[in-house]
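Shared chain: chain A. Partners: chain B in the first complex, chain C in the second.
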Partner chain A sequence: MDENIIEVRGLKTYYYTATKVIPAADDVTFSMKKGEVLGIVGESGCGKTTVARSLVRLINKNTARIEAGEILFDNMDLSKATPRELSHIRGNRISMIFQDPFVSLSPVYTVGNQIAEVMRAHSKEKIDRHEERRIIIDLMKKVGIPSPEMRIKDYPYQLSGGMQQRIMIAIALACRPDILIADEPTTALDVTVQAQVLELIRDLKDEFQMSVILISHNLGIVANMCDRILVMYGGAVVEEGSCYDIFKNPKHPYTRGLLKAIPSLSEDRDELFSIPGTVPTFTVPVTTCRFADRCPHATEQCRCAEPELRDVGPGHKARCVFADREWD
Partner chain B sequence: MDNREVLIEAVNVKKYFPVKRGWFERGERKTVKALDGVSLVLYKGETLGVIGESGCGKSTLARVIMQLVPATAGEVYYKGNKVTPENIMQFRRQVQMVFQDPYSSLDPRMSVGRIIEEPLRVHMKGLTAVQKEEIVRPVVAKVGIEYEALVKYPHEFSGGQRQRIGIARAMVTNPELLICDEPVSALDMSIQAQVLNLFKGLQKELGFSYLFISHDMSVIKHVSDRIAVMYLGKIVELADKKELFDNTLHPYTKALMNAIPVPDPTVESMKADLTGEPPSPINPPKGCSFHERCPYATARCSEETPHLTDMGNGHMVSCHLCHGAEREVENA
Partner chain C sequence: MLSFIVKRVLKGLLCVWFIWTLIFFLVRLTGDPTGWMLPDGATSAAVKELREAMHLDEPLTKQYVDSLGDLLKGDAGRSYYYKQDVRKLYSERLQNTVRLAIPAFIVAIIIGVSFGIIAALKHNTIFDRVLMMITIIGHTMPSFCFGIILIIIFSVQLGWLPTFGTGRGADAWKHLVMPMLTLAWGPMSSIARLTRGSLLDVMTKEYIDGARMKGLSERTVLIKHALRNSLIPVVTSVGTQIGNIISGAVVVETVFAWPGMGQMLVNSAKQRDFPTVQYGILLVAFSVTFVNILVDVSYGFLNPKIRESFK
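Showing the complex of A and B:
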């Protein structure tokens, strides 16, 4: 249980535009244990999706490159794996579900066909048609699709958004992966359906003994789902810690600001705390604390060099020179 | 309570959209009942929040009130006068709209200054450039955009700033009511707080009323004085904010509140009380539209349609279980 299933060390993924180099993931280091749910939170453009996609090298070769770093999974460095090795891992040992199920599913194949496709691609011996059908129906049952015997012949457009996302989960789980990467899996869904889908992911995680990387911009979802959390800002991890530490004892001013900026259901405040300014885009090399321009506590020291991600407690790290200070 | 001035009154508003019929489909033409008999009152100076899941008709409600789409049935009154095609221009000067997507709601080929001035060109014809500047300058200052930046084009601004531009455009005719259709849902968390503060600040300073539409309960709770919960083209519950949260009556409202993920690991939240998804508004279920997903539904719920009834203190609810003596929905 204590063994790390995946270890990422110093991952750097940069995007190249005509004039700039953008550090979408800059020196990202983390590891994940078996059965753990790791949350990656941050605002749009903070690099959370880039990190997830880098793990399985699903990044556009023409615009982005993994500059440095190791992704250790099963005695292999995925950042240097050959395309053949990768295709054996993607969808099989590490699978991914995306934000919008309707664009992720092919409109011209039945959902049963699309679940079968993954199994055919990754199984060593040929599966008998009847056996295959039985497995697919069983999977569809597991992800909570009513009357799967009939639904197996449906096309994606015949299903609702929640059902489509369940099909995506079935596809992702078809090969019983070790790691499931869920990239904003419920952003396109309504709250009541979102609660159902997340509960499903939680149940299946235990049943399949998977580890889950959950990417979300919604702090509420991460608080409910995750064991450990990475908070990202401008391509860098600014805080890492247990779910309890992040929400109850946040050390980085960005995490603290973000938590205060969400309107609360339990108390009434006339004015919300807001982080001034907008999310900037950085270019290489970054020589200041990324949050300095928006931080209420920033000093000269913050603008001289980028702070290290350092320990501020057991299993709790923050990238802030003042992280030890007790604020208000 | 009733001595407050009524700004907008919608009476039994219905909006049915015809569904395209295939070549071979015969028989009755199907309709989507986007709004199926919605009545509500909006008082001067208040914020009425409208919450519901996608497809419940909340955006259609905004558009029908604005007369952007004609209602199939029902009337909208503004300060007691029926809104008709004859007085629509006057109405729209008093009631302006802020849209969801700050990227598609601003014309990319117009400078921001022209965008903000446009309502003046429509509603106050014949103003000189100097007069326009006199109106625009304080407005943009209030929303936090520099006057010098008005020569720029929308793509040069970030999402939060664009939403500020959208708000400034809605404000220049000095309206009484702003109808805001998901104005913060396209924005990042840290920017969302800035824009919500702006809305509240403007209300305090200028006394705007808002009809504020959102799918996010925490946003709705933050801005609203009263909240209307919509489900499948109908208002199922309407009450003062405090009353709605302290004494939730409708099972759908309860499930909606329980499903919200609370950003606190020590609080149990995000409970999946409901199974299934909202049924299609093309063929809504008979009786109470919520009965198929309702954990408390009885035989009566599938037969008889409940009506929005006042349970005291202006707390309106549309549920048989809450109406009769058989009030079994315990306050969990």
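Showing the complex of A and C:
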């Protein structure tokens, strides 16, 4: 339980546009233990998806590049792995489910076929047809698809969004991966289905003994599911800590802003709180605190240099010069 | 599946019948063929006699019913101009057109699709730019213009290829090359541009990353997932290209003096040779409809949503 299953050190993934270089993931460092659920939260465009995709190098070669950093997994640095090594990892040791199930399954193959594909890609010997069918039906049952014997021949468009996402989960779990990356797995789904899918991921995580990286902009989901949380802003990790640290003792003004923005039933507010301003786009090199422009406590010091991500408690880090201060 | 094909064939026949009916009345609006059949200054009695002999004096509805009845019995009538059975008249011509159109069609598909794939894979490189420039020319330049340029280069300047006719025996391919390329050029360009656009579009789809995330090789991702999905719109357009090829054949056959159906259709329309025009159009309508049925069926193999409607 104590060994790190994956370690990311100083990961920098930059996007290149015609005129500028955008640090979508800037010096991201974290590690994850076996069986842990790690949440990555932040607003749209904060770099959480980039971090997740960088882990398996699923980034567009034409526009993005991993500039620096190490991704240590199973004595291998995935940031330098060959395509062949990556093929062996993807879908087999590390799997991913995507945000929108409607566009994540190929429209021209049956769902059974698409589950079989990942199994065939990673099994050493050829699996017998009947045996394969049995495994697939079993898997579909596990992810909660009713009458899988019939559904196995369905095409994605014949299934609802929730069912399609379950198929995505079945594909991701078919080879019993060590790590499951769930990139906003419920954002595109109805609220009632969201809860079912999250429940499913949590149950299967225990059954398959996986570690899960859960990416979300929804703090409620993260609070329910995660052991540890990374809060990202503008491509950088601004706070890292246990679920308790983040929710009960947040140190970064951005994290506090996010928590304050959650509507509460017990409090009587006329207006919902929101962090003033919008997420700016940064270009390298970044020379101020990224949050300075929207931060209520920003001083000259914040605009001189970017603060370090430093320890503010056991296993709790924040990227703020005033992190030690007690706020209201 | 079978009922889909039967339904499709019946609809196709209905369509062909409709076109034939339309053309039957349209040609009769163009005037009286007896004008050129008799020498200048023929007496009105002679004209009347000829019209009676050709049954042109009868009411249109009777002419129509008789012609349709004959056609169903397998008699397409005799050409006014050539004085022989139009089916015999077309049989050789049809062969010549098929000999031109089928290679042109195959070349257009093979080269078009491969150019499109290469351009998409080498997106934004010099390959892509050059290929797209070539296809823009193909898209915009009329085929007769392209044919004449080919003639100037390969026949007049280099003297490699003959300019007209079908040729015989071992030399036949030399006669075929230029008309075939001229005919293939336009459709090839459309297919190449469509393939490229479609493949580029599919490559940005999330399910491509989904396939990569299964640990498949880039090659498998491309062939099994990207290509198959990107070819769906291409196959649809191939169906319409067959129409372009047949109408293009009329022009190309004229430029290269290729004795095919197109040339004969144009000439017989000029001569108001009703049975010849009607039968020619019937053949064209048949072949376009038939190819489109084939395309529809193959479309179903590619796209499961369409297959649903086969049931």
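Just so we're on the same page, the second predicted complex is superposed on the first by the 327 of 328 C-alpha atoms of A that agree within 3 Å, B and C clash if a C-alpha of one lies under 4 Å from a C-alpha of the other, contacts with A are read in each partner's own complex, and residues count from 1 in each chain.
Heads up, the rule we're going with is that contacts are C-beta pairs under 8 Å (C-beta built on N, C-alpha and C of every residue); 3 or more make two chains touch, one makes a residue touch a chain.
Quick caveat, the model's predicted, so the values are computed rather than measured.
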item	value
Which superposed partner A:Val21 touches (first chain B, second chain C, both, neither)	neither
Chain B versus chain C as contact partner of A:Ala81, first or second or both or neither	neither
Of chain B and chain C, the chain that contacts the larger number of chain A residues	B
Partner chain in contact with A:Arg90 - chain B first, chain C second, else both or neither	second
Which superposed partner A:Tyr157 touches (first chain B, second chain C, both, neither)	second
Contacts of A:Ile275 with chain B and chain C, given as first, second, both or neither	first
Chain B versus chain C as contact partner of A:Glu199, first or second or both or neither	first
Touched partner set for A:Ile135, first chain B, second chain C, both or neither	neither
Partner chain(s) touched by A:Glu117 [first = chain B, second = chain C, both, neither]	second
Residues on chain A engaged by chain C in the complex (per definition of touch)	56, 58, 62, 83, 86-92, 95-96, 98-100, 103-108, 110, 117-118, 121-122, 155, 157, 168, 171
Residues of chain C defined as touching chain A within the complex	123-124, 205-207, 209-218, 225, 228-229, 232, 302-305
Chain A to chain B touching residues, read off their complex	43-44, 160-163, 190-196, 198-199, 217-224, 243-244, 247-248, 257-259, 261-266, 268-276, 278-279, 294
Contact set on chain B toward chain A in their complex	53-54, 158, 160-161, 188-194, 196-197, 200-201, 215, 217-219, 221-222, 245, 255-266, 269-275, 277-278
